[in-house]
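Each of the two complexes below includes chain A, the first together with chain B, the second together with chain C.
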Partner chain A sequence: MSTATTLERIESFLPERSVRIDDVAASLGLRRAEVGVFRKIYGLDRLRFDPGTGLFDLVLPAARRALAALPEGRRVEYVIYAHTVQAVAPPDVDTAATIREGLGLHDAEAFALTHQACVSSLGAIDLAGELLRAEAPEGAYALMVTGERAYSPKVQLIPNSAVMADAAAACLVTVGGPGDEVLSFVTRTLGEYAAGLEMTKEETQGFGQVYGTVLGEVINEAVDAAGLSFDDVDLVVPHNVNMVSWRQTIKEMGADPEKFFLDNVAHYSHTYASDVFVNYTTLRDQDRLADGRYYVLVSVGLGATFGAMVIRHRKR
Partner chain B sequence: MASAGIEEIRSWILSRHPERDDVAPDENLIESRLVDSLSFVELVYAIEGASGVEIDFDNIDIRDFQTLSSIEKAFFAAV
Partner chain C sequence: MERHDVVNAVEKALSEVLEQPVTGLTEEVRLFEDLHLDSTSVLEMLMALEDAIDVSVDPENLDMDDFKSVGTLTDYVLSQQTTSGV
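Now for the complex of A and B:
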């Protein structure tokens, strides 16, 4: 039996309420020029944003749908809740345990991961595979869950970069299953930008300068680690931070822009650790993922971690 | 001859990139990372400061910011 991590079912959930970035500009304290730059230069337009949706109302629907793909008689050993913002609920709420109970997975081990920010979801898949191989009974599963609300202007705006939006996703993971095979996972963390939202102007400028180069290198390292060349890759399934950051990365890589699925930047904006899974489900639902072809899931987390995971899609 | 406004923008860019002596009129500012994704708003304010006119975002797109030539054409031509 193969010992590769496999992604058995990916699902996502977006609240119905869709707003334009102009609608949230006032609450975020955005100046006219900032809204203009977000809209016309960064390519943002609409986002899902529903203050009436609670955290677990957001998280559980996608998790339930992914869990429905669990084969009869099989068991979920781990529920891993990956989130970007460290405080997503009051301190007396154990979010991972609450999600586990909400899913009825009472015997699973539940924990959260957050320290790679928006890359935490890819990191959680990697970790799930490691745990399943290391200690779980053969044929066991893990459920990786994302989803967090842009509950305050403090966590909704990354100045000069992104406007965060609501979404959730889930990925049912096992080892050696018939699903998408994980071929490689590469991360690079630049600790000099650890201050994240609190970076100085000089640090922010430095981060902007290295961003495209480092992200391009990490993507190419992941492709190389999978034993492939970038020509073998059908599509990059990216984060939705903004178009300019991708334009610079694509230029650095000398890559074909058509290989980067950026349609959802204008529709959904940046949804924390959920972007790549939201984009994956869009592509799958449009029948744009081909059996046996290679895709790179890419995310960047403030703090700053760059992550890329190469998968081989298998239709099922 | 380049307008005084565009010279101000050229100086603004060079002040952020001390390793550079000049910026060619047709050099792509975004792709060469002379203007990165985190400094676009500042570029907008530099252009507005130099032209004395607020940018009408409904009538521009990213190509207007791509080179010093396109910035001059879009924002300083009538000055």
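Now for the complex of A and C:
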């Protein structure tokens, strides 16, 4: 039996309420010219943002749908809640345990991962595979869950980068299953940018200057680690940070812009650790993922971690 | 549109972005060194210019060399005008 990590079902959830970035500009303290830059240069337009949706109302629907793909008689050993912002709930709420109970997975081990910020979800899939191989009974599963709300202007605006939005996703993971096969996962952490949202102006500028180069290198390293060349890749399934960062990265890579799925940047904006999976489900629903073809899931987390995972899609 | 009209529009756009009056600009004034703009405030100034005059910025083809001075910015604005203005 193959020992590769496999992605058995990916689901996502978006609140119905859609607003334009102009609608949140006042609460974020953005001047008209700043909104203009986000709209015209950064390519943002709409986002899902519903202050009336509770965290678990946001997280659980996608998780339930992914869990529905669990084969009869099989068991979920781990529920891993991957999120970007460290404080997503009051301190007396154990979010991972609450999600586990909400899903009725009472015997599973539940924990959260957050320190890779928006790469935490890819990191959680990698970790799920390692745990399943290392200590779980054969045929066991893990459920990776994402979802967080832009609950305050402090966590909604990344100055000069992104306007964050609400979304959730889930991925049912096993080892050696019939789903998408994980071929490689590469991360690079640049600790000099650990201050994240608290970076100085000089650090922010420095991060902006290396962003495209490092992200391009990490994508290429992941492709190389999968034994492939970038020509073998059908599509990069990216995070939705903004168009400027991706234009810069694509230019640094000398790559074909058509290989990067950026349609959702204008529709959903950046949804913390969920983007990659929201974009995956959009592509799957549009029948744009081909059996046996290679895709690179990519995200960058403030702090700063760059991550890329190469998968081989299998239709099922 | 004449060059001095563009310079006037740049003064107004900069006044909006920097939130203080900017007057008496000449084409020799350097945006980064003399006015202490950064790449972000340059972009905001372009958006303010789009709102004020008949110019459309192409986000796919921005070159910071176009924004070295008020003079090079004026050249850029005139090259991006959606109509000839004649």
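As a working rule, the second predicted complex is superposed on the first by the 316 of 316 C-alpha atoms of A that agree within 3 Å, B and C clash if a C-alpha of one lies under 4 Å from a C-alpha of the other, contacts with A are read in each partner's own complex, and residues count from 1 in each chain.
Just so we're on the same page, contacts are C-beta pairs under 8 Å (C-beta built on N, C-alpha and C of every residue); 3 or more make two chains touch, one makes a residue touch a chain.
Quantities reported herein were computed from a predicted structural model and do not represent experimental measurements.
K.L.:
When the two structures are overlaid on chain A, which partner does A:Ser161 contact: first (chain B), second (chain C), both, or neither?
P.N.:
first
K.L.:
Regarding the shared-chain residue A:Gln248, is it in contact with chain B (first), chain C (second), both, or neither?
P.N.:
The first partner, chain B, only.
K.L.:
Taking the superposition as given, does A:Tyr211 touch the first partner, chain B, the second, chain C, both, or neither?
P.N.:
first
K.L.:
Which partner does A:Lys40 contact after superposing on A: first (chain B), second (chain C), both, neither?
P.N.:
Both partners, chain B and chain C.
K.L.:
Of chain B and chain C, which one touches more of chain A's residues?
P.N.:
Counting residues of chain A touched by each partner, the higher count goes to B.
K.L.:
Give one of first, second, both or neither to describe whether A:Ser152 is in contact with chain B, with chain C, with both, or with none.
P.N.:
neither
K.L.:
So, A:Gln286: does it touch chain B (first), chain C (second), both, or neither?
P.N.:
Touch partners of A:Gln286: none, neither chain B nor chain C.
K.L.:
Using the superposition described at the top, list the residues of chain A that contact chain B and also contact chain C.
P.N.:
On chain A, the overlap between the chain B and chain C contacts is residues 31-34, 36-37, 40-41, 160, 205, 243-244, 247.
K.L.:
Tell me, which parts of chain A touch chain C in their complex?
P.N.:
31-34, 36-37, 40-41, 43, 160, 205, 243-244, 247
K.L.:
State the interface residues of chain C toward chain A in the complex, per the touch definition above.
P.N.:
Residues in contact with chain A: 16-17, 38, 40, 43-45, 47-48, 50-51, 57, 59-60, 62.
K.L.:
Taking the complex as given, what residues does chain A use to touch chain B?
P.N.:
My answer: residues 31-37, 39-42, 160-161, 204-205, 207-209, 211-212, 242-245, 247-248, 251.
K.L.:
Which of the residues in chain B end up touching chain A in this complex?
P.N.:
16, 30-31, 33, 36-41, 44-45, 48, 54-55, 57, 60-62, 65
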